[in-house]
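In the two complexes that follow, subunit A is the common piece, with subunit B as its partner first and subunit C second.
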Partner chain A sequence: MTTVETPTPREMTVIYSRADRIFRGIVTAGALTSLLLLGLIASFLIFRSAGTFREFGINFITGTEWFSDGFREVGDESRADNSVFSIGPMIVGSLVVATIAMLFAIPLSIGGALYIEFYAPRSIYRILVAMLDLAAAIPSLIFGLWGIEIFTSFGVRWATFLNDRLGFIPIFSVEFENFGRSPFVAGCVLASLVVPITTSVAREVYSRTPRDLIDTCYALGGSKWGAIRSVVMPYGRSGVIAGAMLGLGRALGETVAIYLMLNLVFTYSYEILDSTGGNVASMIALKFGEATDKEISALIASGLVLFVITLIVNMIASNIVQRTTPRA
Partner chain B sequence: MTQRTMTMTTSDLSATNKLEDVQGDNSSFRGLETRAVHAWFGKHHALAGVSLRFPERTVTGLIGPSGCGKSTFIRLLNRMHEFIPSAAMAGSVLLNGSDIYDPSEDPAMIRLKVGMVFQKPNPFPAMTIRENVLAGIKLAHLKRDNHDDIVEQCLTRAGLWKEVKDRLDASGGSLSGGQQQRLCIARSLAVEPQVLLMDEPCSALDPGSTLRIEETIKELAEKITVIIVTHNMQQASRVSDYCAFFLTDGGPGYLVEADSTRKMFTNPSDPRTADYVQGKFG
Partner chain C sequence: MSNVVQASDQVTIEPQRPWAVKRVVRATNAGRLALFAALAAGITLVSPLANADGWALAFLVVNLTWTIATAVRLGAKERRDAIVRVVVSSLAFLAFVPWLSIFISTALKGYKGLYPGYLFNDMRITSYDDELTFGGVGHAVVGSLIMVAIATILTLPLGILSGIYLTEVRGRLTFMVRFIVQSMAGVPSVVAGLFIFATVVQSMGRYSGLAGGIALAVLMLPTVSRTAEEVLKLVPDDLRSAGYALGARQWRTALMVVLPTVKAGLTTAAILGIARVIGETAPLLLTSLNTNGFMWNPIGGTLGSLPTYIFAMFMYGSEFSVARAWSGSVVLLSIVLFFFVLARRLGGRSEKRAKAGVGKAARTSVGTK
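Now for the complex of A and B:
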């Protein structure tokens, strides 16, 4: 019997060509730069907002008061600085308005994308796709302005209807009937500026469904709707969620449309038809111009909170995507 | 089994070859039949004047070089052709004597009767093995209450039951390529088609899996009609009862001849058929 000696694994080396090395250098530099930028942004936000968090702690996130003691002279130590900064209602407002927007935007986008990809006549298909992709690239403010014009009349009617029929449910009740400045109508406007990007992504994803799988559905005696339901939608699910996240990012970060539409009120309000509300981004825009040093620190802290919220939402979404994507 | 098909050969194929002369007596013919079928994609004339008969419970191999219209032809047989934009056709396709292109026919119903297996194994990725087999029943809204029996039957007929019976809830994508293709065959069988079209079902598979599928095809032919496109001459000679040879001279594809597989491989009428089956071109 001869014993076979187990060999030690050999080391494997790679020799990169000159072109490879240069290209490698360029892409590495690019990747590191963006990481560095992200790190710098994060450390800037944390550094500048540290004072605010130290002073107000958790109350900054849960409190309902924003008061800048701006009349105190700089360096005037004769009386204490009575500023109080907290953004609880704005955080809730951001989430409420963005949620309303997505409730409208997601079904609209999926329907629109399916129509363009599977039902639109071939003669207008290219035009529709081009228009949609163009619309997705237009700054959201343009749609925001259009939305404000259109939806403050449309939305008000829907809001009146909801309040009329469902007013007994707390979230649809109002104190004063000023629907035009309600989170509900603001959500409709946000939906109008989110829909182009989410529809564009959804259409792109649906168009990548393997033709083979769709054909198989037909070959099994399935209808077009059957093919869409059992192949196209499951296949595109993760992509559509990713697109919705892009849209949600826009909705959470939208500044001007909200700034123009809502009265920023620092009380918790879940009545979506009432004329109170606001969101973090528009609050920052509103306050930044005349802010004191201390207030600027608080505004930057608000930015950090928004940053973290977006991060959390994205993590939840990618988790959902991973859990719903079948492993092939 | 070979004996049975050989005896059918004489009567049915004489009809095939002289199809133009026997337009009258079609009502009695059981199986699938095409009459002077043409196909276009836009202005491109892809297929010209193909008349063929596929008797019930036989296997017919469609052979010929690439681009001669075999796949186009097979997709005409269950109305998949019309999904390609700008596709058009002429002529008629009769299933047991009735025209499947008749305006009163629902294409979805036709496809229930004439199933199809594709070149690349393509189980539905989001579904388990069991769900894949039952997918057609769900898609076509068929009323069936013995789902477990259907799953077992179809997987058995497709020669896959023994390998997967303990993991019916695993994803269809977890199977090997050959198993996936047999799963696709089982999926087609679940809606009880009368005809099964197979477009190069083994071209993406290894020899062992190919052999398994060929056995499956032979067993299927005891109950249904199988029409298979293949580039593999040995496969055509192994599995088919009849062969139809397609060719193109740069223009539209056409049918050169159709006959019993034995005759096509030993003593074909057309010298081009002899050259092709012996591997002299294509």
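Now for the complex of A and C:
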């Protein structure tokens, strides 16, 4: 037997010239700007909201009152400042609306993505993909406009139906039969806003399914649904979850669409068909106009809460994306 | 053997596609769907179902019923396949309907307010609920373009640098930078607005277009960085190796081979970023507010923009002002569409070029010395 001597790989060294090092330094500095920016945003929000958190403590998150003592003149020390700021109902409202939106958006986007990738005729495939990207670029303001002027009439009909048939379930009960500005209708609009984002992520993941695996499935006598269920869906699961998380982040932080669609009411409300609700982002936009200095600090504190929530959601999402996308 | 084909024989082989759906089958399917549509319309008329959503529900029920009824003959596997096909198609249809509805309703409701002067007039001497033949959106378009220009100037270099870092330099922080960029894409727009308000607006002492532009830049940076990275990834490593083989250092290879190859792609990155932020409303409500007249100075005080124009018109709430909001939406959507189509055309071209590995600039700038 002859032994084959395997050559040891030569050690490779890279020596950067001074110009290269300068170049790499500049590029690194540029790339770190986004890191710096994110840090700046966080520290500024913390810095400016410290006063509010010190004054109201945990009550800021759990309380249900937002009262700005606006009539008190600046520098008027003759009576105490009676302002109370807390955003409990708005946090719950954000979660309620976003949950409704995701309940609609996830099945729709999985269906949409599967259809585009596996069912749509090849002749319209490119058009559908382009339309999907375009839909993701429609400003949320226009979604809000469309929601209140066009969609509300449909949404109200569905809400009435739900209330008629399922009104005995607490979350579908209402105090006043006026469904127009309910979290349910707003959630539907938010769903249509989120669907393009989640669909395009899901489609992208599905399109990366190895063709061989799908063909193997067919060769073994599998139907299209069989291939999708046993190959495509498992392969794309984490990508779809990441897309859904990105969508959730978007839904939680949505401002104008919710501003236009909902009445902001500062009470805890879980009745999704009742015309009360709100979310943190739209509250910031609403209260900002006539805010006093102290109220601005409270708004920035609300912004910080929103920032932390969406950042966590997005970090989970981008972590999943990074772990699952094959390295180039 | 007798049936060996000689090279000299003129044998043409017609490509066969036995799996292709026959035209007859396709026509039958289309006819059936049309029949179902009519049937659903009939059901909608006589039953408590009403309007477009009722029709869609009836259509789905009819379609599903037929599928299940005919699938009884098939095996379990085929039956499930047929049912899933209907369900997936319906879900996709539902997912697509809102956007179609948005495009159509914006066009239908917005065209009334459009007249030749709409793009060139402002609202300085027109009240919000004047007749639709007065006033216009010119000042808002100008304001939007100014702020988007500021945002682009700020983000394009940074985005390209972070793209180069992720694809060329590949330092120790690669994972970190990519992670942060992706997380930043999720910063709510209103939070970006608040941040710029607390820093730029309060230190300048007034609202301004500059503040609005910077707020947009915060939102635009992740999009530009990510697209720039995607584009730079497409550059084949052969090109880089060629640069090194010619004796170029890394910086020369990056700046004179890689970047010129993807010039069009980087333009795409900028344009996609613009399309993403030009409709942002929330940050502008906190940083640049609204004006009614033309204004060219980005630091001279409040600066109107298309989104805040639409927002103000809608909140005013009169018949004509809401019509103006829709007309403004037509303009805004047209601008988004314009940038979008531009990005796709440029992007398609650059992708082809990068894949072919024949950047014209790449050939001329290194090879001739």
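Assume the second predicted complex is superposed on the first by the 288 of 328 C-alpha atoms of A that agree within 3 Å, B and C clash if a C-alpha of one lies under 4 Å from a C-alpha of the other, contacts with A are read in each partner's own complex, and residues count from 1 in each chain.
Keep this in mind: a residue touches a chain if its C-beta (ideal position, glycine included) is under 8 Å from a C-beta of that chain, and two chains touch if they have at least 3 such contacts.
Please read these numbers as outputs of a predicted model, since none were measured by experiment.
Asks: Please work out whether A:Ser192 is in contact with subunit B alone, subunit C alone, both, or neither, and reply first, second, both or neither.
Replies: A:Ser192 contacts subunit C only, not subunit B.
Asks: Which chain, subunit B or subunit C, ends up touching more residues of subunit A in the combined arrangement?
Replies: Between subunit B and subunit C, C touches the greater number of residues in subunit A.
Asks: According to the stated criteria, A:Gly57 is in contact with first (subunit B), second (subunit C), both, or neither; which is it?
Replies: After superposition on chain A, A:Gly57 lies in contact with neither partner.
Asks: With the two structures laid over each other on chain A, which partner does A:Gly167 touch: subunit B (first), subunit C (second), both, or neither?
Replies: In the superposed model, A:Gly167 contacts neither subunit B nor subunit C.
Asks: Between subunit B (first) and subunit C (second), which, if any, makes contact with A:Tyr235: first, second, both or neither?
Replies: First partner only.
Asks: Just subunit B (first), just subunit C (second), both, or neither: which does A:Gly226 touch?
Replies: Touch status of A:Gly226: both partners.
Asks: Check whether A:Asp215 is in contact with subunit B, with subunit C, with both or with neither, and answer first, second, both or neither.
Replies: A:Asp215: touches subunit B, not subunit C.
Asks: Thinking of the overlay built on chain A, is A:Tyr119 touched by subunit B (first), by subunit C (second), by both, or by neither?
Replies: Touch status of A:Tyr119: second partner only.
Asks: Hey, what residues of subunit A end up touching subunit B and subunit C alike?
Replies: On subunit A, the residues that contact subunit B in one structure and subunit C in the other are 223, 226, 328.
Asks: Which positions of subunit A touch subunit C when the two form their complex?
Replies: Those residues of subunit A that touch subunit C are 16-17, 19-20, 22-24, 26-35, 37-38, 40-41, 44-45, 48, 107-112, 114-116, 119-120, 130-131, 133-135, 137-143, 145-146, 149-151, 154, 157-158, 192, 195-196, 199, 223-226, 228, 246, 249-250, 252-256, 260, 281, 284-285, 288, 296, 299-300, 303, 306-307, 310-311, 313-315, 317-319, 321-322, 328.
Asks: In the complex of these two chains, what residues of subunit B are touching subunit A?
Replies: Those in contact with subunit A are residues 78, 80, 83, 85, 108-109, 111-112, 115-116, 118, 120, 122, 124-127, 135-136, 138-140, 171, 173, 184, 187-188, 191.
Asks: Quick one: in the complex, what on subunit A touches subunit B?
Replies: Residue positions touching the partner: 122, 210, 212-213, 215-223, 226-227, 230-231, 234-235, 326-328.
Asks: Using the touch definition from the top, list the residues of subunit C that touch subunit A in their complex.
Replies: 50-53, 77-78, 80-81, 84-85, 87-92, 94-96, 98-99, 101-102, 105-106, 109, 157-158, 160-162, 164-166, 168-169, 171, 173, 175-192, 194-195, 198-199, 218, 221-222, 225, 233, 249-251, 254-255, 275-276, 278-282, 285-286, 307, 310-311, 314, 322, 325-326, 329, 332-333, 336-337, 340, 344
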